[in-house]
Amino acid sequence: MTRVLEVHDLEKKFGGVVAAHDINVTVDVGENIGIIGANGAGKTTFVNMVTGYLPPSSGRIEFMGKSVVGLKPRDVTKLGLCRSFQVPQVFLSETVFDNMLVAYGIAERSGLGLFTPLHTEAREARVDAQLKRYQISEYRDATASALPQGVRKLLDIAMATVRNPKLVMLDEPTSGISAEEKFGLMDIIMQALKEEETTVMFIEHDMEIVERFVNRVWAFYQGEIICDATTAEAMKDEKVREFVIGQEYHPGHVEGGAHA
Amino acid sequence: MRGIALDFELLIVILVDGLVYSSYLFLVAVGLTVIFGVQKVLNVTHGSFYAFGAYFAAYLIGLWTNGGLPDWGGFLLILGSALILGVVLGVVIERGLLKHLYGRDEHVMVLATFAAFLVLEDVILLIWGTDPYLAFAPLALLGSTEIAGLIFDVYSLSMISLAFVVAVILWYGLNRTQFGKILLAVIFDRELSMAMGINVTKVFLVTFIIGTFLGALGGAYHAPIISVQPGIGVEVIVLAFAVVVIGGMGSIPGALIGSIIVGISRASAVHMLPEVELFVIYGIMALVLVIRPEGLFAPVKARRI
Amino acid sequence: MTRQFDRTFWGLTAGLLFLFVLNLFLEEWMRTIGLQSLSRGLVAVGLLILWRTGLVSFGHALFFGFGAYTVALMQIVGVNDIFVLMFCGTAVAGLFAFLLGFLLRQYRAIFFALLNMAFSMILYGVLAKVESLGSTDGIGINQITYLGLKPEGEGYRMALFVFAAVFAYIAAVGAHWYLKSTLGMMTMAVRENEIRVEYLGYSAERAIHVKYVISGLLAGAGGVIMAITVGHVDPESMVYWIVSGDFVFITILSGTGNVGATFIGALVYELLRTYAFEFAPQIWQLILGGSLLFIIMFLPDGLWSIRSEWRNRRNLAAAARSETQVAE
């Protein structure tokens, strides 16, 4: 099974407004996909539909060969499709450690098992390993609300990936991060995800990030995908240049593949 | 023929009794709903305002009548006592208590008003004791009248008119006056109003005073019809809650419709199947919360996942 | 987060042993205070769990009443054994919590609070108006038996105290362990961020439903104990909205940091109420109300960890402007 995600004729209408239309894409194992497009182009709507938060008006979504249309986010998560958020969704009044603990607790137990103690030595070890993977171990005992934005994003992603998901969708992982920190952050994230052999898709506005970390690009515009191609091709594509990245953009040194 | 006449009588009785219930409920509930709409506080203390109104008015009317002064003065006393209480209690509670709690968890604020309610209940006892007060001078003054062969006292009917008048004045005040527009702005979006330069603190205080006045008026005007005794506030506040929930929290037309619904339902139960009186009222409240939590007419959005 | 585990557990155990010893020396009226504290404390533990989830119920007298009235009704049909009564009273309350939970779990904030209140007033309305259920006079409770035995004189009350203390202990320890489990930690998680819980793979609503049932069971148990202690059940002292308000009062008084503290809070409430009534009967409500106001306004200890959580939340409100930007 190399096909991780298949989307056919996906459409979403809110009353008269068409938020997404005619979306047909596939994702194979090991691909890194960048989703670009202006604000309001339909990127987050797409992620919301795939992860079950928004029901599509019509169309098919298959994850690992199984249809996920109509499933709730929690079910989609359990199948191995996870996401992170543009505004990191963490438990702000708790420590980083406790945040991760809860994430593991929910991931590892179900039914009556949920009544077993949360904090066990084994689990603690797993939390520490994950914190190390995302290089936020030093913040272990800090309260989430006091974290710098970059660390909070890493926590968000670390929580999202406790189940070693097959596919992870990151919603603007570097938004709100200063320019000089962006690359470092993405390096950590992509390295961590590569270790767990996760297929990665992320929404991103910064084209340099896209170029460096991604080998395929989907460009959204007004609810449709106007380009689905390798990074190099997408950056040169006329429509992409017109509607997304601007004519002034000059592609950097693209090595035709994802960096990790 | 007789069967139909009886049914018709029953209908009239239910209608009039129901509207009488609705009127004083409306006066109390509308104050409650306005305060909630503006300050987002479910003010349990409102029950005390009603009780204070009743006691104060009954007390003054008693003094007045014993002093041999004309009965119609009772009406002035009713209005006067409500005004005084509106200002005094309003300022005391809003400035003395609520001001310090704005911004805190909404449940805590309700509990604070609950605590204030407990305190005021005893203050009433301290001032007026435990014996009931009866002040039916205004009631007697207006005499009675006949509707469809049934006798009703004019005073009760006048309360219905009062409620109607208040509703119209409030509507006018809210939609046609400057202050009313400001109030609507604050109800809609507090922060935005502040950013626009509205003195929200002052608006809160004035609103609360108006609300208190209305609650006290409900009690004061109701006093001549009832036996004013300990515990009337307790009963009223939870009914007023039901009205506000049904009509929509923060909505004045909602308070009107809600009080009519509660009033008529209560009258129907009392006259046809007394055992379900409370069941019906709170059943409707629960039903509205389930079907349309914001209430029938509301600006507030319910948090439903 | 969890090194306190030992402290609370051993604290509770020590407390239980202390109560056993105390039981031998208590005067009757003290024992009554103790029993009523245990009864109300049980309800408050359930409310603590809900409070931690971000929910407050203004109507838990509903389940309290179910527990109490189940005792009364079962006695009418001849059941007098305390174990059976406790089981049934708790079960009935739990059953209703389970059924109502399907509805209630979809609500939050003030709507949750008011919907609970509405249901409790419905029960009140039924009980207060229906003759066969005792109406406003209520129903008397006869003395109960312990597996067929009925101790005489003071022994009866001592045995009741032991029963109540042991039950409360088990409930408290159970609640404490529950709060340390994954599901228990989800009180915090649901309160903080339901979306996140959902995306981690669990239903926030289901978590709430479980907690609601637990709180219903506990409140029912409290009702059973109160009914037997007082020897009487009636709508006004057990189901009325003011009773629910008092339960929340105790929750605030105790703070929600610690299950053991809840019983202490209940005791303080009980003492306050009793002494206020004793020495200043005209103003006992004033004293109670005044105390609640005092705690709300000035007493960080009374609020314990709630308060620091609130402080955090206010900071967070500034730090995390919009809750999610999930929709386009």
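In this document, chain identifiers A, B and C correspond to the written order of the chains, with residue numbering beginning at 1 in each.
Here is the rule we go by: a residue touches a chain if its C-beta (ideal position, glycine included) is under 8 Å from a C-beta of that chain, and two chains touch if they have at least 3 such contacts.
Keep in mind the model is a prediction, meaning the values are calculated, not measured.
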Chain whose averaged C-alpha position falls nearest the assembly-wide average: C
Farthest chain (mean CA position) relative to chain A: B
Between chain C and chain B, distance of the C-alpha-averaged centres to the nearest whole Å: 32
Centroid spacing, where centroids are CA-atom means, of chain A and chain B in whole angstrom: 54
Length of the line joining the C-alpha centres of chain A and chain C, rounded to whole Å: 43
Chain C-touching residues of chain B, taken from the complex the two chains share: 42, 97, 100-101, 103-108, 110-112, 114-119, 121-123, 125-126, 234, 238, 241-242, 245, 274-283, 285-286, 289-290, 293, 302-305
For the chain C and chain A complex, residues of the former touching the latter: 1-2, 177-178, 180-186, 188-189, 192-193, 195-203, 309, 312-313, 315-316, 319-320, 322-328
Of chain A, residues touching chain C in the complex: 19, 40, 42-45, 48, 51, 53-54, 72-74, 77-78, 82-83, 85-87, 89-95, 97-98, 101-103, 105-107, 109, 113-119, 143, 145, 159-160, 162-163
Contact footprint of chain B on chain C as seen in their complex: 56, 58, 103, 106-111, 113-115, 117-119, 121-122, 124-126, 128-130, 194, 204-205, 241-242, 245, 248-249, 252, 282-286, 288-290, 292-293, 296-297, 310, 314
